[in-house]
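See the structures that follow.
Look at the two complexes coming up: chain A is in both, with chain B in one and chain C in the other.
The block that comes next holds the complex of A and B.
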């Protein structure tokens, strides 16, 4: 007979297998009594902890890294060399803080890039105003 | 508006020329477990961040190695290095982790590392 903790773990893994980014489904902010402990645990599951989630096999494809991916990696490493973050804070932000929808929905280095911008804003090295002005300026070069 | 001050040099001062996690050697105190000990993974609250896979919670394991001393991921993820802990390499039986695991492969094992706070003696 599995222990109560093991039963809870297996129940949890079954529920999170059903949680996917809700793209076309109407969602509601639930009333408090509509969320039981098991669902609270599922909703607050760390998105990087995918081990044991039911899923289907995916096709493995060998892919060369693109220039922007290399640049993103270097940027993130330089932020570490400058002491802006350590590897664990980077992983927390890239793999968990982004939430399940972005974790599953964005390309790997897309999350790195987004997170590099986020740490600079969160620790007040750049402002959102500077960042969005720059993005806007760069975008216009391609219009 | 006043800006928060982040100490960007404390880690480089500690680890340069030594390495990480070697720079935390001797800071975790005596280890609670030794190689061969049977332990169980605690089901501690998951609040914001940790690296303790939920599929290991409540499962029995055997200590294979005391690997290093380091701040646990949940502290280090906010740049807190004040409380290093022993990390243990643990061996789980796959049949203890997955209810449907085939008896044909009953000897299969899984090895992973966890910090001491997650372990209790069996």
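The block that comes next holds the complex of A and C.
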């Protein structure tokens, strides 16, 4: 059934679709003259800047917290307490640097967790090998 | 419902999120970025947080016009009276690590209703109100509240007359907000504790109005955790 709300949502979804690297498109990394200003604006939009975007009502829910979510929150706060990162870079990394796909696709604390792992590697507190070895080691404990 | 016929997940199946969380925490401790004790102390601090101090701030403001003035002028100073020291009472002794110490108290009137959102992320006055509810963090709430506040409030069961102005306050990195609703009728002679009971979390975010006899948030479906935090610890 056609409705103004549905039309707005479809328009929005069409624009968002353009932001994904569509696998069916012939040209990736297009020539500069193939990106007009409207598309440039769409591509450079921050994925967390969602205020005012059209959407339809959903069922509001409460949620029980997973143990790993609670621990992730504490780890991120304590990393800040001990000076590993500050509020500005946390925000940029968790909300912007993850990109649209992970921003909308991962759980709330999933983004926090991935970002906490990345800060350890990016600031060279651990090497990527140390991180993957640790992940393997922890996995083995549960086998 | 088809959902119900899905086999339950294996109890001992561990998610990659759980694995990564343990790995990051243990590496940070092994590298000396923080200690296991830091993590434990912060967890204990977290477990003390909840909406009670903000509820008492509202109750006090309802009872004492001088305190209400202070709350609206200087939310951080007013918080001291309900036991919340934004600067010194946290384990850091320098305020929240998320770097915000500016609490604003938004005073409703019979013709003006405030409601709080954080369109860019999920900013919330944690020290005085506890952890934000999941719906507050959803892109859906953040998208729609600023454009269709009246409709969104109605979805929470709050239907406001057309002549009541709605003001949406968008939280940001440095500033956090609680709503000071109008004291409802039928609460004459009530004590601070009685009043605090009806100043629920939802009232302090602004998606509900306090009402005598209503001491809980609107009943919403609860998405259960696979491995839930036991808050009694």
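Keep this in mind: the second predicted complex is superposed on the first by the 112 of 143 C-alpha atoms of A that agree within 3 Å, B and C clash if a C-alpha of one lies under 4 Å from a C-alpha of the other, contacts with A are read in each partner's own complex, and residues count from 1 in each chain.
Basically, a contact is a pair of C-beta atoms (placed from the backbone, for glycine too) under 8 Å apart; a residue touches a chain by one contact, two chains touch by 3 or more.
Since the model is a prediction, treat every value here as computed from it, not as a measurement.
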Original post:
Now for A:68: first (chain B), second (chain C), both, or neither, which partner does it touch?
Top reply: second
Subject >> Contacts of A:38 with chain B and chain C, given as first, second, both or neither >> reply: neither
Original post:
Regarding the shared-chain residue A:82, is it in contact with chain B (first), chain C (second), both, or neither?
Top reply: both
**OP:** Check the residue A:108 against both partner chains and state whether it touches chain B (first), chain C (second), both, or neither.
**Re:** second
**OP:** In the overlay, answer first, second, both or neither for which of chain B and chain C A:138 touches.
**Re:** second
**OP:** Could you say whether A:91 touches chain B, chain C, both of them, or neither, answering first, second, both or neither?
**Re:** both
**OP:** Would you sort A:124 into first (chain B), second (chain C), both or neither based on which partner it touches?
**Re:** first
**OP:** Please name the chain, chain B or chain C, that touches the greater number of residues in chain A.
**Re:** C
Original post:
Is A:51 touching the first partner chain B, the second partner chain C, both, or neither of them?
Top reply: both
Original post:
For chain A, which residues lie in the overlap of the chain B contacts and the chain C contacts?
Top reply: 48-49, 51-52, 82, 84, 86, 88, 91
Original post:
Taking the complex as given, what residues does chain B use to touch chain A?
Top reply: 3-4, 6-9, 11-12, 43, 46, 48-51, 53-55, 57-59, 73, 76-79, 97-99
Subject >> Sites on chain A touched by chain C in the complex >> reply: 48-55, 57-75, 77-82, 84, 86-88, 90-91, 94-95, 104, 107-110, 113-114, 116-117, 120, 125-126, 130-131, 134-135, 137-139, 142
Original post:
Can you name the residues of chain C that touch chain A in the complex?
Top reply: 12, 14-15, 17-28, 31, 33-34, 38-39, 42-43, 46, 91-92, 96-100, 117, 119-122, 131, 133-135, 137-144, 146-147, 151, 155-156, 170, 173, 217, 220-229
Original post:
Once bound in the complex, which stretches of chain A touch chain B?
Top reply: 2-6, 8-10, 12-13, 41, 44-46, 48-49, 51-52, 82-86, 88-89, 91-92, 96, 123-124
